[in-house]
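Chain nomenclature is as follows: A, B, C, D, E and F, assigned in order of appearance, with residue numbering initiated at 1 for each chain independently.
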């Protein structure tokens, strides 16, 4: 069951006061402009045993994504499409507050929102990943491990997934006498577009993109918007307990488009590099 | 396939698969106070959605260490009965239900004055007896009414409605078929008096222009739902007076 | 592991005193005679997506049952019979004392005793629900949701299941080239009899049928007896921690037969109505 | 098929598949004090059932909030070893085991003076090493003896035995084959001195007349079992004296 | 997650003092020599419904093992071998400290170390237990229930498993028209060797074999070594939080060989007996 | 098949499948302080193993009743990422992971002065990003360095390495293929200054002579690893000084 969170109120209030005071002077505590991302480093191909992998550092947030490609049964109702299965675990290494165990509601939301961006953009052309229609298809697992957590896990994880998929090499399966056989060859995955998520938090009336843990601790609300290469919006998720005005949402959709394009350019270089 | 889809979901006269126009809501009926043991409750029929919501609280938190010294904890469970869907649903909570429980709680919380009940908990139990498209919006509508029925101090009601896209058309209140076969679905929850959005999700592609149109259409829907929520509460609490007025 | 229950002893003792005092004057707290059922309302066909459904109100106790019919593998050892699978969840809506989560021992006993009445009476002729012997059979799910709880969940649930099954329309499957195909047609289910459970509690030496929550809180023991249309007994369950004398059991078996027939008449009307 | 069933389960001379007559119990052997670490224990062989019961307590309750101020909590676990059944049983507790744990506890509780041990707990662990028909009755018989061995204050022993129906015959002490292929199975537990029934279940069809006959036959069985339970306890606690008497 | 254990420190310290004091005089608290096993009783064939079974009493420790033989799919990568699956449950009957529930890390280690001895010695020739290569093989379940616990569960369980396997009768399956059929006949299992585990604990600098619960409560470290019939070592497990010197390990390997042979002789008699 | 195995795993020149001789370690690289939020951390590449270890603590125990009055509780989780193995690993902890978590904790505990932190807990989280043979040894090596990085009082480092057998040869540091296809694998952890073995396991057959040889070879490996561990710590804490020396 979903439940609202607790924290020490005095500390919480002081932290928020300090934060609001800085924001009243137009400053974030780490000195960034409201619409500035932290330093983003992406390294790909770090896990030899995976079909694709990426490590993303977004400020101090660090995420690894690994792609495994196997064969399996299609999902019900999607008999002629490859199956895409995504998971995310916030490792107990990531912060003093993580307990090992099955994913909590935050981790479930995280992986579902990242999944939605990939799936709705149709980044991976699943129609090209069927093998024996209705019986056997490509099953693409994308698993994410959050190694260190300093805010905005959603975007960091999303970029790791996109980078890992984009640079992965899928095994080529063939059908020989009704059986699926791994040929030992590889192929690039069928990529159609590059979805990029942009996340912001609202603190008071300020909207800050790429929040740190410190900022998330003071946030009233969160919003994530994912755009694809042609600039259209493919997924949105409002999060946390505060509201947004319609204006704030519309303004943010413009920011998400522009910032999305910036980060998309950066990620595109991975494949040419 | 595309033409077939257009044909099915929206015909040349702008009529949708269930006979509605693009700006029509499905039929909505809300009944207040349907669960005897609960502190507040409501039953909503929203298209084919049938959802019952019971509210318990404010009451003591168990385990006690979960209590907050300065405000009330809000908990929410969205759950689908095994017979609510086309093929039987496993009764164990799915990841989808976990996520919806979370966004539903977060969409209701801004409307509640939780600081009025420190150290307590309010539980909102949303049971989907039959699911059609838009069950999370329908559930929020019933939950907000049930919270009002429970006498919880509130800043506003929360009214929810989705809009979506079928080919080039933005349509109000996406049904099950349109959710599965359409091109985008955007559930929105809104506090009509405070003019604030408390739930916003999107699955599917929208240009920036379509996004704005879709958001505004959804909010129009929320406002229409708000009137039905108010009527339902009026009917329970001032039922006799209303009838007198009508007669007069 | 099964464990005996707790409650506040003072309140428990006072409640029981009051109850015993009323019973000593031959009265139940709600004014009913010992062998009188509360008001029973049954509504069927309330869930369009189910093959059958019913809502039962027994006093303030409210239960919904839904029947879903699919195809699946037969149970081991029952290769030529349809499979009947029953579950019951006491929803957290039902009372302030229910915690969401997997069914506890009370909910498991509830669904197993209801199941036993249906199964042992052979209400549903499972022999008629095989499709490809040993491979594919009708799988009939009957799931119950207790919406509001005011005692005697067992009978209310049992009546909801019986009413939902009785009024359900099963899909007609056909075997075409070794495959099972849904024809889109429906048929009435193969019903052979109508099992009706009657539950009573013992408080002191009084035996009261159709107990409320208040009465169950004071009970020493509980007994449920299910009869079928010809009056024979098909299932019995003694519950709770107190004993019964042989005489009490034999007398109750007579009450269960008579009251069962009353309620059976009421339920039979559903199909003719 | 019906004639075949009759033939197999009961022949024209009234002899059952395992050679017994309709009023015969299977062979029963109870050994007391078989688990060294337990406060009380018993091992029962009841037909092919082999069941070990260990009792721990009265002892402190963990977690403490489960303690009752005016009486002892009784807990019971009925569990089948993976090798106890014809095909291997998954070691995780099944719904059947949960129900049997509950009815077993409820059948033992009336015999115990739980108010003598406020704030404490008594744990009864019933492990079925080999299961034949009637394992719940056999388990209750061993558990009651183990509780006595643990020195718990008791009003009476609890003695259990099933009766059932094969075609038109009411038979005592239903075995595995008769449970599966017979027409009714009624497990009963009984306190012989207090003349009270503490367990009563029925699977299968009985007319009112058959019901009464079956109940009475089961109780006759319980009384026979009671003697065996007493002997087992006598043998442990007064073994030497008994032997002396026998020699005398 | 693995976690170190707690206990009452005063009692723990007193117990250990007493133990060390005795050991300083070369005595164990139960009077045994350091390299002496407790009384070992083995009874086989106690569960008629199992293909093999054994009850082992080692002092007051009592364990039952049951062998069930079925057919199933082979493990991945072991397509032409029978499948051996082992489990152990410390029953709540075994001591006042056992809680019913899924196996904890101690029970998991126990069953895995016992399993390793059987598997690595190739006691059971799994190559002889394939039926339809890659599809159907013998599945041999060996399940252990610890009835009473007085130390050295590992060796007692191991002996029970070995005795149960050694004296079991496997069903003979035949392949008839691509289907596996139980012929109703039985055969002895394909046994190649008899693995025997020997366990010791270190308390201070004393190394004691076959420890009691009392000794385990004072141990600094534990070691288990399994030898097969030809005297070679097939499995080792150091346990608990203290270390061993290399010398202690080498010396113990000699003891494990000698004591292993003693116990092996005893177990061999079961088959001839 | 045997000759094929020998051929693959070890050729006539004593060269192993990955090009090493029988006494060669795989390449090992340890980086200290890689997880920003942790109190101590290390990343090890050991052959193809890639393992990250984070240490949190000493810190307060939750739940509090788990605290020990006279010493610190040590907890350890060994976990494999789903993408770490050849075929995807289910993220739920396997029985293997539970056992390795236990032996890993027990191999680290003797090196720590836990009595210095009564009532506290130290958590060691070992995440295997890519698994090759010997991941438990690699994990212990990284964990011991991470514990030192966290400033925990220690008696010694713990250094781990396996040795094994291929046909008649005892080889150092068994890789994945050798683990699966070889004849024995013996992981060992060792405190080099205290000369004590803290982990010892064996899968596979060894004569007594081979056992001794294998144990000694593994310990030689541990000693070599120890130097790499020390260097990694030196580099973090005295990096500048070392560079200065090198330049000098």
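Criterion: contacts are C-beta pairs under 8 Å (C-beta built on N, C-alpha and C of every residue); 3 or more make two chains touch, one makes a residue touch a chain.
As the structure is a prediction and not an experimental result, all values here were calculated from the model.
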Each chain counted as touching chain C and chain D at once: none
The chains touching both chain A and chain F are none
Starting at chain A, fewest touch steps before arriving at chain D: 3
Out of A-B and B-C, which chain pair has the most contact pairs? A-B
Among all chains, whose Cα centre is located farthest from the one for chain B? E
Nearest whole angstrom, what separates the Cα centre of chain E from the Cα centre of chain F? 27
The distance between the C-alpha centres of chain B and chain F, rounded to whole Å, is 53
Taking each chain's centre as its mean C-alpha position, how far apart are chain A and chain E in Å? 48
Computed distance of Cα centres, chain E from chain D, in Å: 32
Residue numbers in chain F touching two or more further chains are 77, 87
Could you say which residues in chain E touch two or more other chains, in rising order? 1, 100
Viewed as a graph of touching chains, is the assembly arranged as a line, ring, star, complete set, or other? ring
Which chains make up the ring, listed in order from chain C with chain D immediately after it? C, D, E, F, A, B
Which chain D residues qualify as touching chain E in the complex? 35-38, 41, 48, 50, 52-54, 56, 59, 77, 79, 81-88, 91-92, 123, 125, 127, 129-131
Contacts from chain A onto chain B in the complex sit at residues 1-4, 6, 9, 76, 105, 108-109, 111-112, 116, 120-121, 223, 228, 231-246, 249-250, 253-254, 257
In their shared complex, chain C is touched by residues of chain D numbered 66, 68-70, 73-77, 87, 95-96, 98-99, 101-106, 109-110, 186, 191, 194-208, 210-212, 215-216, 219
Quick check on the complex: what are the chain A residues that touch chain F? 46-50, 53, 60, 62, 64, 66-68, 70, 87, 89, 91-96, 100, 102, 141, 143, 145, 147-150
